[in-house]
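Quick heads-up: structures coming right below.
Both complexes shown next keep chain A, but they swap its partner, so chain B is in the first and chain C is in the second.
So, the complex of A and B:
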């Protein structure tokens, strides 16, 4: 259970640099509290990935600030930023699947890198999540040898492993992985119950009804910036 | 050749030319055509060229300092970093051992045995040990080991990291809070450094023993191998004991660092066909430069 009770993610009039990100250079103001699951409707996958980078403090700002767990990204040193990013689970945009090692290593890398948890404990969690998302076990084959469907499932495991405080996920359901809906929803609910916040990027909100099961807020990310929608 | 068949490097050069033209136009607009403006443009062009050619050198220098300083921090040696270090060390050392031993044996036949023969022919047997140390161990071994490491493992590292960077996977690592300098550059560079020393010693031993065996078989020497090796060891000065290992270490360090940084600084327009030649030429330059610098100092 997370002990942090303040806003998990805050955009304080944050105006991204258009040259760096391609995001509209307008002020973003929003707040995500622990236990929230915000559906972010965004038609453009690249813009969604860049917005996820912005949440992770990887986009320079012209003005304003973005705070994660009360800490302003721009005031942190490089090591501190990396430590904080270790508390974010994400499956938005490009992911690192190095063929140098098996897929299991890429899935567990972040947790092993950032924490001192024992290998047995991390492996057990990875196996549990893998089975929940429909994999036959922890995939040890090279990422290039995995099917795209298995890679999506492995990406889901990677997003939720290590009990992150903020989860940024793209929409695996939109890729036709309908059987992922139940494990994804249960993982999101589990994360919300322990006090994590979730940003779920979807292309078309009206395409599926699964989102309403966990949705506590709705944002639209468009050319005009970020706007709030009505939660049903 | 049609335009579509031109190599990507051509378009890169054209882009560089365009950049220069735009820079020139901007300078002219800013400074006008006065003597002061022309001088400013002249300085600007020099600066542009210096930055362009020294960019990689400066980046490598900075990363080298980063590797050394980070390696001294206990917190840098996380489990994943240790794992990366161990696997790279195993790959570079074990993967390059056979080719290093064969190259050492060939060098033994072509360099060591010839030297023993001709020094004996000239009646300068007493110089054999010192000349073998000076030429074979100090000059030939670091260059050949550096080239072998570059070709056997370095190019693989360069290409692998280049493809990770151009496909955006390095950025994905950063998004996960995994520092590429800490996770990739530091452990691999240090693994190359240790592998350089290990392979350098293997190469030297293989060439000396093979050279002795060939000379013994041809009748050029009649001493037992222990006497031959004793002559070589006693010919080494305290300087040699310090600088020969140091040369192997520096060659390994810089080959590893250059390949890691070269891969991580690949641009989005880079492909394997542009990365491979650039990586090889830079690596060769590093190996030769280290050899020359050490030779000048000694």
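So, the complex of A and C:
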């Protein structure tokens, strides 16, 4: 359970650098509280990925600030930023897999690197999540040797392992992985229950109804910036 | 913040760094500065002192050298000045008085000057007079050589101390001729004193050196006057010369042969009494060799050199009135200025003591700073913990119906596990007059799961009940080793692998109403108040809870309208039907077909669905018969098919199952497509050992257990896509010649290790 009770993620008139990110250089002001699941509708997948980068403090700002768990990304040193990113789980689909090691390594790396948890404990959690997301075990093949569907499942495991405080999800259901809906919704609810916040990036909100089960807020990310939608 | 994070992002590294710099860096830097200053002063002092000591030593040595040269010159002057006096005295004497004058002069000199050994007087007619000390008495011995060459005779006259002749003797002299001797030939034409080589004196085997001087008498006969000076006496003189406590002197000739030095007798013995072999390299003392090396390179002067651990000063000086003789002196620098060096050493020692004291003080300062820092961190941690406790309590009080007995406030165990870092947190309620503990809720933080409801009684867990009876906290490091908790550990903890147990009582209005147990909770003793607050909330809940002891009894079950149904199999092969078989099967092929949950909102649709399933089941029965399966059983959403249930392996069982799998897939696809339903089913196949058999009676039900069944179910559940047939590596290896497969990759499971998973595509 998360004992942090302040805003999980805060955009304080944050104006991203267009040259660096391609995001509209308009001030972003928004707030995500613990237990929130915000659906972010964005037609452009690259823009959504860049916005997720901005949430993770990886985009330079022209003005304003972004705070995660009360800490301003721009005021943190390198080690602090890295440590803080260890509290974020991110699902990035089939990309961003290193073929240097087996998929299991990439899945568990964040927790192994940022925490002092034992290897056995981390492996247990990874296996449990793998089975939840429909893998017959913890995948140890090189990512390039895995099917896209299995990589999406492994990405889900990677996003939720280590009980992150903020989960950034690019939509796995949009790729037709319908059987992922149940474990994904279950994992999101579990994360919300323990006080984590979730940003779920979707391309077309009207395409599926799964989002409504967990949605506590709706944002539209467009060329004009971020706007709040009506929560159903 | 998570407890297991390695770096706390909220902690500013600059502050930490500057604090560390302040606490450790400054004391260390100060000590280093002191060290450097003291070392610098010490080094400068040492260098200055050393230079001064050397300068002083050099000056003292120069003075000493001057005295030594003077002493040695005086020592040798008996020969040189004496020879000059004899030359003048004898040269102007009447020829008939020359011999008496020589004897008189020689006798006087030998009596007065101990280092003189003998006097010679030879002329160019071949006559030789010798006067020397009587080796057998205290008088003199006079020797004269007479006769023609070839018939020479040495005539010896011995005189006592009063000058009275006491005896005479002759001995043959053969061809001895003084004119052929070096000392005669070199001096006969020279006006200066001529020095010969060191030689061993015949009568006493001592080292002597001959100095000779030529002159012409009034009769025109050329004569040579020669003096033998004892070098042993010179060596003894050098030995007794006080240069310094450890100073030494030596004299060598121009060709490097030793003339005089302390221990010359030993040196002579070592070279077989051959003066020509008495060079410095034969000498055990290497310091004179070093001085001689310096001399050969730099000429006469003063030199500094290291010998062993000591620093020496060496000097070389040519002796006047000699044939290029060299006086060498060596002395340790410390002999002359040891007080200065001692003072320097004491200074360094005092410096080291000061440095040590500075180090101790700096260490104390740093330790004190670190202690203060630790205290600061403890306060920060306590504040953090208080903040966390506040947050946790906010979560708890925000829980709806916290005190209602109808709700299940799972937040209590979750928060207490979070705050204490416990692996498992359990709330137990004491019931039946304290005879039983019922688990109200247990939260496993690693699994993230809740469970509860199980019961411990005082009969099967007596030690634990005794432990909680006094109502005090208990902290047991190893629950398995403690008599009070070993039963509790066996029943509750062992399955989860926990060892440490923390027990906190829950006090109600009438005493203990329950306990909270925390397993592997490292922070349990640090959040005592939080646990106490939670236990208070738990006590309030227990107070509101209905009394279990007084609970109304369960209603009597009504009589069943129909007898129970035991059938679950939809197909069993006739061959074994009716036989009671409880066997271990070494190679069973198991196929599990997992269907997705049907959505049952409309009753009419449900009727249609049952008909659809019935059609699938009928088709399945036909497929089972056709492929000779052993059993097909429906269990919930799963259809479990088995082939090869035989104590002897059936090699074709897996092929029959694979054929059946393809048949089932085709039927399911067809039937579901016809009904316009998405084909939400997956198939898993595994091959391996299993155990089971037909159980019960009327009807006997066949069932199978084992890893093979579990793996087949797992693969059906985790299949990649709808309608896919997923198989294990063992199945792939068995069937790869007959069917086409796609690899899904390698997966790790705790029980099976790393294994390869395949998807069966079609027949070859």
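The rule is simple: the second predicted complex is superposed on the first by the 227 of 232 C-alpha atoms of A that agree within 3 Å, B and C clash if a C-alpha of one lies under 4 Å from a C-alpha of the other, contacts with A are read in each partner's own complex, and residues count from 1 in each chain.
Assume a contact is a pair of C-beta atoms (placed from the backbone, for glycine too) under 8 Å apart; a residue touches a chain by one contact, two chains touch by 3 or more.
Nothing here was measured: the structure is a model prediction, and the numbers come from that model.
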item	value
Fit-or-clash call for chain B and chain C when the two complexes are aligned on chain A	fit
Which superposed partner A:81 touches (first chain B, second chain C, both, neither)	both
Superposed model, chain A: greater residue contact from chain B or chain C	C
Once both complexes are placed on the shared chain, angle at chain A toward chain B and chain C, C-alpha, multiple of 10 degrees	40
Which of chain B and chain C A:98 touches, first, second, both or neither	first
Contacts of A:124 with chain B and chain C, given as first, second, both or neither	second
First (chain B), second (chain C), both or neither touched by A:112	first
Minimum C-alpha spacing, chains overlaid - chain B and chain C, in Å	8
Contacts on chain A seen with chain B and repeated with chain C across the two complexes	79, 81-84, 86-87, 114
Touch list for chain C against partner chain A, complex	1-2, 4-14, 387-388, 391-392, 394-395, 411, 414-415, 418, 446-448, 714-715, 717-722, 726, 743-750, 752, 754-755, 757
Touch list for chain A against partner chain B, complex	52-53, 56, 58, 78-79, 81-88, 90, 93-98, 100-101, 109-110, 112-114, 119
Touching residues on chain A, where the partner in the complex is chain C	1, 3-5, 70-71, 76-77, 79-84, 86-87, 102, 104, 114-117, 121, 123-125, 127-128, 130-131, 134-141, 145-147, 149-150, 163, 179, 190, 194-195
List of chain B residues in touch with chain A within their complex	78-81, 87, 160, 164, 167-179, 183
